[in-house]
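Structure record follows, encoded as structure tokens.
Residue numbering begins at 1 within each chain, and the chains themselves are lettered A, B, C and D in the order written.
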Amino acid sequence: MNYSDIVIDHFESPRNVAGPCSADALNGRAGSRAAGTLVEFCLEVDKGVIGHAGFRAWGCPHTIAVASWLTEQLPGKHVDEVQSLDLDHIAAQLGLPTEKWHCVLTAEDALRDATRRSLG
Amino acid sequence: MNYSDIVIDHFESPRNVAGPCSADALNGRAGSRAAGTLVEFCLEVDKGVIGHAGFRAWGCPHTIAVASWLTEQLPGKHVDEVQSLDLDHIAAQLGLPTEKWHCVLTAEDALRDATRRSLG
Amino acid sequence: MKPPIYMDYAATTPVDPRVAEKMAACLTTDGVFANPASGSHVLGRTARGYVETARRQVARLVGATPRDIVWTSGATESDNLAIKGVAHFYAEQGRHIVTSRTEHKAVLDTCAQLQREGFEVTYLVPGDDGIVSPEQVAGAIRKDTVLVSIMHVNNEIGVIQDIEAIGRVCREREVLFHVDAAQSAGKVPIDLDAMPVDLMSFSAHKVYGPKGIGALYVCSEPCAHLEPIIHGGGHERGLRSGTLPTHQIVGMGEAFRVAAEELEAEAARLTALRQRLWDGISVLGGVRCNGHPAKRAPGLLNVCFEGVEGESLLFAVRELALSSGSACTSASREASYVLRALGRPDHLAQSSLRISLGRFSTRAEVDRAIEVINAQVRRLRQIAVCPESSPVATVRDTVKKDSP
Amino acid sequence: MKPPIYMDYAATTPVDPRVAEKMAACLTTDGVFANPASGSHVLGRTARGYVETARRQVARLVGATPRDIVWTSGATESDNLAIKGVAHFYAEQGRHIVTSRTEHKAVLDTCAQLQREGFEVTYLVPGDDGIVSPEQVAGAIRKDTVLVSIMHVNNEIGVIQDIEAIGRVCREREVLFHVDAAQSAGKVPIDLDAMPVDLMSFSAHKVYGPKGIGALYVCSEPCAHLEPIIHGGGHERGLRSGTLPTHQIVGMGEAFRVAAEELEAEAARLTALRQRLWDGISVLGGVRCNGHPAKRAPGLLNVCFEGVEGESLLFAVRELALSSGSACTSASREASYVLRALGRPDHLAQSSLRISLGRFSTRAEVDRAIEVINAQVRRLRQIAVCPESSPVATVRDTVKKDSP
């Protein structure tokens, strides 16, 4: 397996590994251990805008890197925006091989799970 | 294939390779090329006693060695004696492996062929 | 980047310098390079002599008669030759074979091929400690069984099977017994003179010899008959044709000679290193040893780490060269079939590391491995989410408890 | 005793020093010793890279796509894999194979095994120059023929078959074509990209590479399907399982690389040396070249000496390391089956020497060989009796005529 520099960077020094979420933070998760990938986000949102994003991930280095990378991109974005992430762009940014697309998909699902709660 | 020192010696320096036989010499041969072994003796006999013995041989090193060695043993012997050679003794003297017994047998046959003519 | 610490001796071993030296002497114009089959000149006969010396060296390590050793290209071929050879030779007498789920692919894929040809195969499932019992074997043998094939030391989890007891069952029931000893020769004592074994596979490259050479022990008393799988020229008593690779054979001979000499001391040293490793990493908690804890080869440890994912674990500890599952399957993301046969769920099987130590492993290397593994497992656990069932907060607590 | 002059390059070649050096770098702890299948660590991946470089080197010499090259343990295994592989895969379509009487034992014994399994084999008898004509092949192909196997260069007499023409016949009739190129690769140009060949066997040790490694070219376009003969792990696209021996493969790669570079110049040099040898010994009279005088590999000469017996001849010229017949059969006293197929009577076949020159042969060695052979043949002829038909006195005259 080959890992891009950015994947290695985020894997080695993951940003924003979720500490205790404040009571009003949005929590979301997707995937399962049996499937080999499980991602969880915890977003602090103020008036629909994401302030701080944290993650946890059980999965391959790509999964961890995608989730970590996303927590840097999310702050400042409106929760509506994250309903439609540009997955191609993310995969390209992180140099994911095609067989690792499920890592992005799982992260997207986890984000949707979190924001759906705010929207729904 | 292993060759004893005495076989190598007689193979390298065969004794008494037959020159022209005198008119009254005894000639005998046995074996065939197709069988891989052919031996020929030429004995000068005076009053039943062998004076000089010569040989020719087409065959393996053992065959050449046996024939050459015999030409040294024969002079002074009476033609009657060579009717019953001690083959075991010859094979042992020359260190012949069992699968090479046919070399001695062919030589014996050639000698008998020569002496039979004198006797018969 | 400095090279990683090699802890993958079960996948292959480096060639011992003593072996490399002997091999080098059989290659170039100034060495014993001739064809051992060239009986017509002294160079060929010298090569033949080297081959026969090596045959004696291999035989000696395992208590066999040299004549019963047949050179092959490795244990894969030996396994194929033994199993197909017996199956095809005795096909008239019976078409049933007994083996186990945790055999090497060389045995399993060969059995699968025989199934395609119409043979029947019973795959025994070992206990969750990886051990196949003689009773299981006895229960599986039928009237039409012609062969039992059970490995000696498992290449993934390192457990040692009770070959003596299984062999006795086979002798009683008059069924031939094949043992894949690729992982045990030179590490665990073997005495074929006393053991009830008919066929045994060996590989040089697991014992500090070269890759691409192996041997099959074919017992001549009582006689085990085989159909060859490679024909041509009739080398090796007609059982395996092909030019004998002198340098490879000489390498295997020297490797087995050295192994015979050092087996005892090395087994003790490696057992101690393995224990040190286990003591060092088991403090992590949530760590389990795959396979029987005591019945195991000296240098091999297969450990399952709860709460971390396999690929990340392997990458995180990349300062150590080791594998998850066997080398053969480590390219695929599928969980090891051996660990699954032991009843491990996929995600735990995937979170396992096979750490195998060997002749050049040092205590400092083991200590460094403990440091790296412990730090990385803790780190990954901290990044990981909780199991689906428990709420996020609880995970954090669990992780904290385990943290230093 | 000083070592004999090596003139048995067709039996095996010494490893080129450049090859030995590359091999040595893949053995010990400081080298690329890891298992190429160990994808989980950088050491294994480095080894894999070496293996793939070697695959490209082998492919390049013979104009093949690297992907079409499968590693084996030698040409014997390659021949077995090709012939049994095709026969077993296409058994439903037909069970007839065409080959020739003068093939290597690896082909003949494999065909004999298939006959025991119920296949039919047609053995073409080459002309007395050793050449199989495309017309013969065309005449032998039947509706149920699945494979034609004809070698490129014969290992005993050195004749080169017209592979292109035979291949065209096979393509026309839609029959797979296997070529044993063990003796031709690196000596005679081969361009698989242009040649109508589906399967081709190679061996490293005939080209200054190590013994115990070979390859099979398996054309993927049009696609030739094979049943493997060695199962387990699914290495080499499932066609040949077993740990890849890096040092052996690297050795074969380097050997083929060097051969590609030097083929042309070396062929010219060896052809000249062979001609010098023939000119030198043919003055003896009663000397015949076995096999076509012109269509032959550069370094190989097989000569029949009338009036001398084979074993004595071989022993008399023991200062030269060479063989009568092929290495495989030179231990037995049976006359070479290849020479018999050419119509030579047994005693003449036995009085033949196979003299094969190679990379390290020198003009001085050839001159010495001429000296030794001429002196010994004269000497033995003098000791020999005449043919059964002629009286003793005549023999002596004949011998005298030939004497210097």
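Heads up, the rule we're going with is that contacts are C-beta pairs under 8 Å (C-beta built on N, C-alpha and C of every residue); 3 or more make two chains touch, one makes a residue touch a chain.
As the structure is a computational prediction, the values presented were derived from the model and not from experiment.
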Centroid comparison with chain D (C-alpha atoms), farthest chain: A
Mean-CA-position distance for chain D and chain A (Å): 62
Euclidean distance of C-alpha centroids - chain A vs chain C, Å: 42
Rounded Å distance, chain C centre to chain D centre (Cα mean): 35
Multi-chain contact sites of chain D, meaning residues that touch two or more partners: 39
Junction residues of chain B - those touching two or more other chains: 1
Category of the chain touch graph - line, ring, star, complete, other: line
Interchain contacts, given as pairs of chains that touch: A-C, B-D, C-D
Interfacial residue positions of chain A with respect to chain C in the complex: 1, 3, 11, 14, 17-21, 27, 29, 32-34, 36-40, 42, 56-61, 63-64
Residue ranges of chain C in contact with chain A within the complex: 307-312, 315-316, 333, 345-347, 350, 382-385, 387-388, 392-393, 395-396
Footprint of chain D on chain C - complex, ascending: 3-4, 6, 8, 11-17, 19-20, 23-24, 27-29, 31, 33-35, 37-44, 73-74, 76-77, 79-80, 104-110, 112-113, 203, 205, 210-213, 229-235, 241-248, 314, 318, 320-324, 327-328, 330-331, 360
